[in-house]
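Here come two complexes built around subunit A, the first alongside subunit B, the second alongside subunit C.
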Partner chain A sequence: MNNWVVAPLLIPLFTAVLLIFLHNKLKLQRWISLLSSLLNVAVAIFLMVQVRTTGIQTLNMSGWAPPYGIVLVADMFAVLLVLAASIVTACCLWYSFRGIDEERERHYFYSLVHFMIAGVNGSFLTGDLFNLFVCFELMLMSSYALIVLGGTKRQFRETLHYILINVLSSTLFVASVAYLYGATGTLNLAHLSMRIAESGQTGPITVVSALLLVVFSVKAGLFLFFWLPGSYGAPPAAISALFGALLTKVGMYALIRTFTLIFYHEVQVTHMLIGTMAVATIILGGFGAVSQTNVNRILGYNVIASIGFISLALAVSNEDALKGAVFYLVHDMIVKALLFLLAGILVAETGTERINRMGGVLSHSPLLGWMFLIASLAVVGIPPLSGFPGKLLIIQGSLENGQYIVAAAGVLLTLMLLYSLIKIFILGFWGKARRPREAHWKQSRKLLLASAPLMMLIILLGVFAEPVMPYMQRAADILTDPSIYIQAVFKE
Partner chain B sequence: MEVVVAVIVGVLFAVGIYLILTQDLLRIVLGTSLLTHAVHLLLMAMSMLKTGAAPLLGRGKEEFVDPLPQALILTSIVINFGITAFFLVLSYRAYQKLDTTDMDRMRSESSKHRGRRR
Partner chain C sequence: MPRGSDVFLQNISKIVVFIILAFALYLFFTGHGSPGGGFIAGLMSAGALLLLALAYDIETVRKVIPIDFKIVTAVGLLIALCGGTGSLLFGEPFLKHAFGYFQLPLLGETELHTALIFDLGVYLAVVGVTMTILLTIGEDN
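Showing the complex of A and B:
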């Protein structure tokens, strides 16, 4: 029992409610929300140290022992993602001081962000399937409001699609919860894992797992991603950065958690399916990224392609690949947020989202150009940056298992993403300046300052990959051996 | 009794999916709400439709009803209530802004828009 486990959920929730009452005091709102997100970072670091020294932390809500009550479980995997999410949120909030117009700020922007973060952290920490659904809904509800906040025509159009898709997948989620409860009589993740290990993963349970795969794939953008590029491009940069960094990753986390902890018996069926979907996602996402000329759409397809890449690791599911998946997931959260934030500045500087109408930004804001280049190289996985270790481990893991097609898809993806991002760099930053906007420069320097911490982080994470690796190892240990997780939940 | 509920769930699912596949935004919202009803019935049916006492110990009864599915349904109803309300308001605002509730016309307008910008 450790009461700190609930803090990453409670702090944003409390802040969000507090901010509703202060919605006209902009300065106060900004500082409270930044402080609260920094507090969350501190709590996440504190939890990570605790997990490192004393093992998995659990909290039985209202003292009901598992499997009867809801249990929150902070293992290394969850805590690392909570930490990455908190850091990304803090930077995006700082960025939105300048990057979001006052009208949006006044209309509960900060409250909605904090509600969303509560949902995201809750999804990472919960140890109960239905509670996962509730946290998903909390996150999605606030994301519906965030994506439409501002109310332009384009936002309405995209939001309607986005809501419909997510309502449908949530419905299927409840249906699969119902089937699982009918089949096993429990919803606690650890208990589900035990029950299914005892009774064997029979045909019906495999079918339910496929239903859950569909649900989480829609949320993660794995293969069922047709809604993603449009809707992530609709809101302002700070909001799309949060979406691109966090929402799909929560779906990915749920996929990894359920398919390593519960449904790991019928690997030929489920993991084969995941592998096929992952390769298809990589190919479609990669081609999508290459074919687009809209900055936000290119980045949307980039998000999809890296989700495909992480799912490759899940399909392979050996120790190296999962360690790589944890590393890559943390890296991807940070770098995708950074890319969306920088693209937001780029769009503000040039006044257009089309890359063939941009040009020459490098001459009047060189810092933006070089930061964008470094971020692109990190996505691709050039060695000193943070994309490299994760990518190396995943490809190494797939080669160890003799899955050469998977490894080839991973390498192919790298080339396509490199091409799509360098295209932005060449067309956007080189050449003659089309619309010099000197007046804008002061504004964007402050925005660049807010994205700088993420930039530092991807460099540090790449250079100091060795000292970080034990944490990833700890996370991968739990993913490869479910009994550690089960024992931690049922220890008392 | 389970068979009857199963048939009802099936019919609700079919009607819900039919409504979602239509053009009109309002019908789509109603379709999603019917689907969630179907899922709630499914939840209830999956926990076996038993009759028994409320699960309170020390009342001298021996047959209890499993309270968990009902708690789940209650939670899910509240969530779906919120989402449907939001979806309806959003549809109304979208109608005001885009002047149509027809999904096809919304899309064609957007592609026209995109074509012009190219």
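Showing the complex of A and C:
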């Protein structure tokens, strides 16, 4: 029993509630939000050290032993993602001091963000399928409010799509959870894994797993992504960054968790399906990114394509690929947040989202330009940056299994993303300035400062990949060998 | 509906509202061992307030209960959270509850349960959210 496991949920929840009382005191709200998110980073690091030294940490809520009660499980995979999410949140909150207008701030923006983070962290840490659903809902409810906050015409339109698609997939989620409970009599992830390993993954269970695959794919934007580029582009940059960095990754986490811990017996069906969807996602997402001229939509398609790439690792599911997937997930959370934040500044500087109407930003905001270029190179996976080790491991893993199509898709993705991002760089930053907006520059500098920690992190994560690797290895060990997870849950 | 347009509804509601609220109270306390609890009691209380709003109008309800229901929600959430977190102070797992039997005046020996604190939070949160939604929908025509 370790009560610290629940802290990454409790801190944002308490903060969110506290901020409702303070909704008119903007300054106080800002600082409390930032402090709380920094506290969350500290707690996540503390948990990570604990997991590293003493193994997986669990908490039986209310003292009920699993499988009867709900258990929270902090293994290395979950803790790494909690840490990355906390860092991204802290930076996005800092950015929103300037990047979000006061009207939104007064209408519970900070509360909503903290509720969403509680849902995100809860989804990472929970060891129970129904609890996962609850945390998903907490996260989605807050995201509905965040996406519509401000109430522009475009936001209303996109919110409608977003809510409809998510309500539909949530319904399917509950239905498949019910089927699974009917078939196995449990919803504890570790217990499910044991039961299915004993009784064999029969046809009906594989069907349920396919249903869950659909549900999580909608959330993650794997193949079923048609709603994503529009919805993520509608709200202001700080919110898009949080969405792009966190929400799809939670879906991805759920996919990886369930298909490595529970449904790993019928690989030729489920993982084959995941692989096909992943390749299709990469191709469609890549073409989408290349064909768009709206900055936010290009980034939206970038999010999708990366999800496809991580799913490749899940389809391959050997040790190297999964280690790469963990690394790439952490990297992708950070770099996508950074890209959305920088794109927000770019849009504010030029006053348009269309890249063919931009130009010449490099001449008056050189720092923004170079940061954007480095972030783009990190997405693509140029060696000293953080995209490289993960990408290398995933491609290496797929080659080990002889899945050459998968590896080829990974390389193809790199080229398309490189093209789409460099297009923003060339059209947006090079050339003659269309409209000089020096007045904006003072504000942009503060926004750049808030994005800088993420920038440092993608460089450090790439340069110091070697010392970080044991952590990724720990996470991959649990993913390749479910018994470690099961033993940790049932040890008490 | 303009104010004072329905004598029967208004007079009956005056009595019925209290019956509903009393039943909500009963549901709240019975919820520990049998069907009921903070959630359903909260919905029922909100129902009583809604009846008032229908019989009179939203302005009257605001005058009778001059509180911001968003704050009620927040207070409820805070109480529920504290109810769950209190156990951490005693080194017990999150959400762990305790109970005991106490001699209370009038009631005699009564079982008191810390889960009730959590339930009270749920009650307030439900009342707050439901009323906020209803009043917001009622406001814009």
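Just so we're on the same page, the second predicted complex is superposed on the first by the 492 of 492 C-alpha atoms of A that agree within 3 Å, B and C clash if a C-alpha of one lies under 4 Å from a C-alpha of the other, contacts with A are read in each partner's own complex, and residues count from 1 in each chain.
The rule is simple: contacts are C-beta pairs under 8 Å (C-beta built on N, C-alpha and C of every residue); 3 or more make two chains touch, one makes a residue touch a chain.
The structure presented is a predicted model; accordingly, all values stated were derived computationally and were not measured.
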Next on the checklist: Contact-wise, after the overlay, does A:Phe130 reach subunit B, subunit C, both or neither (first, second, both, neither)?
Outcome noted: first
Next on the checklist: Per the contact definition in the header, classify A:Val17: touching subunit B only (first), subunit C only (second), both, or neither.
Outcome noted: second
Checklist entry - Which partner does A:Lys491 contact after superposing on A: first (subunit B), second (subunit C), both, neither? => result neither
Checklist entry - Just subunit B (first), just subunit C (second), both, or neither: which does A:Asn3 touch? => result second
Checklist entry - When the two structures are overlaid on chain A, which partner does A:Ala178 contact: first (subunit B), second (subunit C), both, or neither? => result first
Next on the checklist: Once chain A of both complexes is superposed, is A:Val148 in touch with subunit B (first), subunit C (second), both, or neither?
Outcome noted: first
Checklist entry - Looking at the overlay, does A:Ser62 come into contact with subunit B only (first), subunit C only (second), both, or neither? => result second
Checklist entry - Can A:Ile163 be said to touch subunit B (first), subunit C (second), both, or neither? => result first
Next on the checklist: Tell me which touches more residues of subunit A here: subunit C or subunit B.
Outcome noted: B
Checklist entry - Which residues of subunit C touch subunit A in their complex? => result 70-71, 73-74, 77-78, 81, 85, 88, 92-97
Checklist entry - subunit B touches which residues of subunit A in the complex? => result 130, 133-134, 137, 141, 144-145, 148, 151, 153-154, 156-157, 159-160, 163-164, 167-168, 170-171, 174-175, 177-179, 181-182, 187, 354
Checklist entry - Once bound in the complex, which stretches of subunit A touch subunit C? => result 1, 3, 6, 10, 13-14, 17-18, 20-21, 59-63
Next on the checklist: Quick check: in the complex, which residue numbers of subunit B touch subunit A?
Outcome noted: 20, 25, 28, 32, 35-36, 39-40, 42-43, 46-47, 68-69, 72, 75-76, 79, 82-83, 86-87, 90-91, 93-94, 97-98, 103, 106-107, 110, 117
